[in-house]
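I have a structure here, written as structure tokens, and I will follow up with some questions on it.
Just so it is clear, A, B and C label the chains in written order, and each chain counts residues from 1 on its own.
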Amino acid sequence: MLIFSVFKTLTDQQVTVELKNDLSITGVLKSVDQFLNIRLDNIQVLDAARHPHMMAVKNCFIRGSVVRYVQLPAEHVDTQLLEDATRREAANPSKR
Amino acid sequence: MSSLQGSVDKRVLLILQDGRCIVGTLAGYDQKSNVVLSDSKERVYSMDEAVEEIELGLYLVKGDMIILLGELDEAKDDAVDLSEIRAEPLPPVRY
Amino acid sequence: MDIASGIQEPFDLIRLSLSERVFVKLRGDRELSGVLHAYDGHMNLILSDVEETIMIVDLPEGQTEGTGAVSMAKRKSEMLFVRGDGVILVAPGGR
């Protein structure tokens, strides 16, 4: 729930999603759901020369379970707020 | 997965767990993101040969197999000369 | 039970590492060192000032295990979300 909320606050920001097939995709985060499935707009594949498969793709839907990392825009992440929210959720794990 | 609604009747690219790439027109989908494509083709990439397109026609793909679904810019996709492209096939997903 | 008094369960160790540097071992021969800002019950993590180390074992065709050359790739990221299913362990301190 917590991480889902964090991603919601980052909608319309640019992120880079690294998948478990080693593909890295940069784009504008358009939406996220409870499974952390991700929708990206205006995408670009890292190392497009090696991966021309998605050349003509404008936007995409990524299954949450195949995400390895998401690089977040640090300037839009309030780390103090995150830590407080994490402690709160740890103290009250009912909503996990 | 309600967000697939906007892609119905559009040309889409699917990337599957095993690395396969399939393009087709999104005819429909359900809750579990099972997807039906019409006019679909698999694109097989290799380093030594041109991209091979295998006609699949009307095709149902199980949602579990799909790792990525992207909407294609049709003009851009049509402009790509697949016979010129050499690329490694995408690796399968390793959990 | 007063959880503030110490470590009662494994996740307490992670909680006490909030805003501290942690070492994370991941599937696929990857390791991270970063400052922990958030986690949840799936061990999804958010880290900042992250250094990732990827171990790449080059096993030439037909060679037996343990004979390949090991190379390491390093990468840095400012702020990183790590999906919990890849996490093997989280330890306090950046090694």
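We adopt the following convention: a residue touches a chain if its C-beta (ideal position, glycine included) is under 8 Å from a C-beta of that chain, and two chains touch if they have at least 3 such contacts.
Computed from a predicted model, the values in this text were never measured in an experiment.
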Could you let me know which interface, A-B or B-C, is made of more C-beta pairs in contact? A-B
Most distant chain from chain C, judged by the mean position of its C-alpha atoms: B
Which chain wins if you rank chains by how close their C-alpha centre is to the centre of all protein C-alpha atoms? A
Chain-centre distance (mean CA atoms) for chain A and chain B, in whole Å, is 22
Please work out the Cα centroid separation of chain B and chain C, and write it as a whole number of Å. 33
Numbers and ranges of chain C residues touching at least 2 other chains: 28, 85-86
Where chain B touches two or more other chains at once, the residues are 94-95
Can you pull out the residues of chain A that are in contact with at least two other chains? 20
So, in the complex, the side of chain C touching chain B is made of residues 27-28, 85-86
Contact footprint of chain C on chain B as seen in their complex: 94-95
Over in the complex, which chain C residues touch chain A? Could you list them? 3, 11, 15, 18-19, 28, 35, 37-41, 44, 46, 48, 77-83, 85-86
Can you list the residues on chain B that touch chain A in the complex? 1, 3-4, 7, 13, 15, 17, 19, 21, 33, 43, 45, 66-74, 76-77, 80, 85, 87-88, 90-95
Chain C-touching residues of chain A, taken from the complex the two chains share: 1-3, 6-7, 20, 36, 64-65, 67-74, 77, 79, 82-83, 85-87, 89-91, 93, 96
